[in-house]
Amino acid sequence: MRKYLVAFLALVLVLGTIGMSITVFFVTDTGGLGDKSFNDSAWAGVEMAAKKYDVTANVIQSYEQADYIPNLTAAAQVSDVVVAVGFMMQDALAKVAPQFPNTKFIFIDGVVKSPNVENFLFKEQQGAFLVGYLAAAMTKTGKVGYVGGIPIPPVLRYQYGYEAGVKTYNVLNGANVQVLSGYVGSFDDPAAGKSMTNSQFSEGADIVFAAAGLSGLGTIEAAKDAGKGHFAIGVDQDQDYLAPGYVLTSAMKRVNVAVFDGIKSVVEGTFKGGTITLTLKDNGIGMSPMTYTKQLVPKPIFHQLDVLKKAIIDGKLVVPGTKEAFQAFQVPQIQF
Amino acid sequence: MDKANKKDYSKYAVVMEKIVKRFPGVLANDHVDLFVERGEIHAIVGENGAGKTTLMNQLYGLINSDSGKIYINGAEIKIRNPNDAINAKIGMVHQHFMLVDRLSVVENIVLGMEPVYGPFFARDKARKQINELSKRFGLFVEPDAIIEDLPVGIQQRVEIIKVLYRGAEILILDEPTAVLTPQETEELFEILRALKSQGKTIIFITHKLHEVMAITNSVTVMRLGKVTGVVKTVDTNPRELARMMVGRDVLLRVEKGEAKVGKEILRVEDLHVNENRGLEAVRGLTLSVKRGEIVGIAGVAGNGQTELVEAITGLRKVEEGHVIFKGVDITNFSPKKRRDMGMGHIPEDRLKHGLVTAFPLYYNFILGKHDDPQFCDGEFLKMPDIKRFSDELVKRFDVRPPLINLLGANLSGGNQQKVIVAREISFGPDFMVVSQPTRGLDIGAIEFIHKTIISMRDKGVGVLLISMELEEIFSLSDRILVMYEGQIMGEVTPQETTTEEVGLMMAGHRLEDLRTQEA
Amino acid sequence: MANGLKKFYMNDKIVVPVFAVITSLFIAAIVMIMIGKNPIVAYGALLFGAFGTKGALINNLMKATPLILTGLSVGLGFRAGLFNIGANGQLIIGALLSTYIGTKMIAYPFYLSIPIMLITGMVGGALWAAIAGWLKVARGAHEVITTIMLNYVAVFIANYVVNGPFQAPGGVPKSPEIAYSARFPNLITSGATWLSAGIFVALTAVVVVYILIEKTKMGYEVKAVGFNPYAAEYGGISIGRNTVMAMAISGALAGLAGTMQVMGLYYRYLGALGGSMGFDGITIALIGQNDPIGIAFAAFLISSIRAGSNQMQIAGVSKNIVIIIQGIIIFLVATNRLVKTFMFWKRKEVEEA
Amino acid sequence: MNAWIQAIINVFINPIFYKSTLNQSTPLILAALGGVYSETTGVVNIALEGIMLIGAFGGVVGSYFTGNPWYGLALGVLLGVAMAALHAWASIRYAGDQIISGAALILLAQGITGFSLVELFGKPGSTDLVRSIPLVNLGSFENVPFFGKIFNSLSPLVYIAFASVAFSWFLIYKTRLGLRMRSVGNNPEAADTLGVNVYNVRYFGVLMSGVFASLGGAFLSIGELGQFTENMSNGRGFIALAAMIIGNWSPTGAMWASILFGAASAFNDQLQSQGILHLATNTQYLFGMIPYIITLIVVGGLVGKSRAPSSDGIPYIKD
């Protein structure tokens, strides 16, 4: 009896996938969809692939950490490609991936060494560096702010990259722009994010970069409230549209591109596994197109940003992503 | 007029006709009739559990009758809730005061019928009205005092004013004297007479027969939910009333022999104890109890007796002074250590302290001795032994029903008390604090418990008896100490004193002053 | 026979929770229909996710393991008249402490390191809970407030520690791994899922707690304090000591739950390893009516719903439905008079007619 | 060390610290007031957290569908009252365990908001942006030194919160209804014998707790942001509960305690924003626990001074 039930249910679940060439399952971390961060972005990548190729897209959201292994397993059993995001899933994926050698895994923000896993890492600090430089160049008050969610590695990379950008501006232009940084302590408390941003505004900052998931929405709101002359800087996705004219730019981390590329490689049969670090160079990292704020920025600054971008791509400028690296960071000589 | 003759209740303030009220398992009122004439003081007497309070609660609308009719001033009315009763000008002073102890006198009195300015509470109007009432009936209170700071007698006045404030013409008083000194009782009676003279009708619930004789015009006697007699007070006597109450002649005094007094077992020296709010309740009290005697402490409730008992048994911190038991200073010993040394305790509140009502009887029987090797082997309870022990006690003390798996909550008050007494005696104490041992029990149970206490004494146990019932104190004690505001007013023996003398001490007069005055 | 059956139905210890569970599933089904989902398919997926495969069953039991313990933790608290909302914090501290010890166990054989781990976890949880117990006894602070506050503090401490002094190399907020000797052996393995020996620890805890509550002096005292502290004190039982003790045992069980996650699942302190288990413990204790055996079944019920809910998502039903189901269950158990009224009013009418 | 002293002085001379305190206190004050109403009548309400959440959600939904944030506020309050009504129904009509019912409602609120968010807005996590309640501009008062900066551009809900404290104080201590509320919370039996309808007064208290707690929640969503995000009450309901206890169950006391918590949080923000302090990133966790530790200390140290209504948490069952 039980066997029939199992068979029936398995059938129900798999039914939808018959006749399709590729099934993709996206397993979120506990942040889940709607985090305005890598989960959302990864899902956008999956959907992008689903639109372009003959791919069915599915998602399982993890309720708690203990769900990672079962969810990855469940996904791996019925799909060709499993997308997993977040370094918290690293241990779980390391256990699941070897069990399903025929399933391909795309992993964001962590490294699992298994031939069927393609890992994507990002140099968030590079994008943060550019927005930091821009912020330093644009500030009227000589102070810029940084609001983090919880100090985990990607968020720290944003912070140090940003501070390095400001420092570079100071050194190259003989300025003395200060960074006020703080952490909200949560990725999902926009009221707290707003309050911290207001504090930084009150201490003289006029541009605040938030790498704080949903809490960062409070930063954008604060910039809007504070009115002219105050800006927020968005993170991960292009958040400029959330408050046109008040979000100076967004430091983008194109998880969607990574996921899309990963799926594409499976579709095209070029999936190799291994670790890919996405940087400015390959457009995995970047700044938003500044749809609403471009006209506010003087031309020379765009030029300087281009030069810096090139220096980073060429390896002349290595942006620090950890505290130690930041402390050791020396601004190289750069001619604009 | 002929038609009315059949059912002309117009001379009665209250008529209750064939009232039936059933509680799960009990027929609390079995076709009860009550006739109260206008302007009289009418007593309803009966043992606890006779259904007096149940009957009055129906008159006041707190509970609804299963069947029966109520007529007020000759007209039939339905009383579904206290509001209906208040509209019919009925007021009730409950046995347990229905006061909100954190509110002021004014607020308590007007609650539910507050004078207002728009939505706002008109405190000044309320105060004025209360002062008028106070003057008219001679009931003086401080309007802005907080209830919890007032003595019981004053709280009762507040209760009465509360009823009068609602324009009550018919006042129900449920055991109003239980917490009063004889003098306060006399004051209360003065007030009642004044009320009567102003035309109020009073229904007075009690089981104290001398009070019935002293103040009422007529009496309805109840027993086991039924009316067993209706008489005019002038036509009856206490013995007849008692027979109607219990259905047989009662021994109003317990038989007891001479005490064989032994060595001192407990001494309390200059004891100071605080009550819950940190005010001093026992103020430098000294007493001593010897083996083989019963020392009774008389006093009005709330004069520090509870605190004294708790200090002796280790339930309350002693601020100053000493408790010496069997020659050992046990002032700071835990309750457990005191028990182990041979101290027993029948607590005044059996539901609060005496029993865990959610425990089955067999667990209740070992409370306090649960870690005795008899019941406990290391960490583990010896269940078969515990049950055997409980079965024995149930038989010996005639606990009904004799089922040790029943929860404490499932027993009647008398049987609960038997469980406690059985337990405390079975532990074989050398000294026992007995506090209010018969409160709320019927006469049968009272007799049983009194006999048990005497037999303990005769076996050489020292007993400290605390009771609000002067009769109990007089009939059991070998020596009587009177407690007032945390101090002993004097020591007397039942043979050489009178209730009047003890009453005066209960009201704060020192024995030596009284005796010198006499002399 | 008929009498026995009636007794069974009337026993609200069973009726109320069963009714609550069924009703909540029914309400959830209506919600699903309202949003155009087929509840039969959804619940089919739930069953499949909970029991459908060997892996599912393993996963289910792995989830049940800590839930049994947090359920026992909350249930034991209830027995002592304490509402321990702090199982989560106690779990965190227990897990943190045992992880720390676990990393030092490399040179020890398993028969030493496993018991040491278990004890450390329990001690950690017990101490954390004892703070709330002490505050209640000595300062009169209500345990609901203090345990909630202690939960927050525990989370902050854990985050502080794994982001600094006790961080694994690589900058990720997780602790180093514990020694192999400090890990539970796996009983059954299926793919990447396994059933660790922790389930035995949890089941043993059920038996131990049952004996503790029903057969020992301590159980007697704790229950007496829970039912009637005045009577307990009168009977020579120390309210203070037993309150702190009950809180500590409750915390020890929660700490053990955290240790299970470390020794059997993550092998390190990792992020929010407690999930919502502390809160789930309340549901479980209520469904299990604070009875250890009942709690074991209730934990299995909740773990099944949880395990199955992941499959339900694939059938298109949001994970939030599970929270709603749980909320309704607790609500109905809280209003057991409502349930009883609802269950019995018809019968009463018949009887009276 | 000097840098620390300088930083702390900087915090206290900055008007925005006070403004931020007002903003952060507001949801706590409102929710704590809700607690005061409920518990004054004798019903413990730990569901404040859930009511806030549903109030926040309702605010955004109402504003989204009508375009008018005030309608949003009304919807938020309506939903909050509905949730409180469930609690009242369970704990008054059915004499259920109030703490357990509250715990259930917290879960229900999380589940319902998370679920409806997806159903109504088609995506999880956060809603679309909606119009929020416009801030109050004080005109030329803005130019008053120091105070202008504090009071300019506050949400009207901040004023409503403080007005509510005054209103509640009057209601509870100066009106007939308030007298009845206090009597019902302390001795329901006595009140009942005087013809006060205990159940109705308790219903009133609990429903009012729904009004105020949901206002507090709505402040978070349409007072501060114009958006709802999942679980955005983020423990504030519990802090409000603590504030009510510390404030000795009185509206003014609850207000001061809420301000204390708001100030602790604002202080944390402002201190971190001091450029002269270069704090290690994980020290923020140590800062983060400050309000909770304050609560523990205060709750632990306030014995005897803080006294709950005598019948708080005890269902009144009429035979």
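Should a chain be cited, it is by its letter among A, B, C and D, assigned in written order, with residues numbered from 1 in that chain.
Here is the rule we use: a contact is a pair of C-beta atoms (placed from the backbone, for glycine too) under 8 Å apart; a residue touches a chain by one contact, two chains touch by 3 or more.
This structure is a prediction, so every number in the text was calculated from the model and none was measured.
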item	value
Third chains touching both chain D and chain C	A, B
Maximum centroid distance from chain B, chain identifier (CA atoms)	A
Chain pair, A-D or B-C, that carries the greater number of C-beta contacts	A-D
Centroid spacing, where centroids are CA-atom means, of chain A and chain D in whole angstrom	34
Rounded Å distance, chain A centre to chain B centre (Cα mean)	75
Distance between the centres, which are taken as Cα means, of chain C and chain B, whole angstrom	47
Mean-CA-position distance for chain D and chain B (Å)	46
Sites on chain D at which at least two other chains make contact	124, 281-282, 285, 288
Residues within chain B bordering two or more other chains	none
Contacts with two or more other chains, residues of chain C listed in rising order	156, 159, 163, 319, 322
Chain-chain contacts as defined at top	A-C, A-D, B-C, B-D, C-D
Chain D-facing residues of chain C, complex	31, 35, 83, 85, 135, 139-142, 144-146, 148-150, 152-153, 156-157, 159-160, 163-164, 279, 282, 286, 318-331, 333-338, 341
Complex contacts: residues of chain D adjacent to chain C	46, 86, 89-91, 93-97, 99-101, 103-112, 114-115, 118-119, 124, 235, 238, 241-242, 245, 280-282, 285-286, 288-289, 292-293, 295-296, 299-301, 303-304
Of all residues in chain B, those that touch chain D in their complex	60, 62-63, 81-83, 86, 92, 94, 97-103, 107-108, 111-114, 116, 119-121, 162
Residue ranges of chain C touching chain B (in the complex, touch as defined)	215-218, 220-221, 223-224, 227-228, 230-238
Parts of chain A lying in touch with chain C, wherever the complex brings them together	2, 5-6, 8-10, 12-13, 30, 32, 58-67, 69-74, 87-88, 90-92, 95-96, 98-100, 150-153, 156, 185, 322
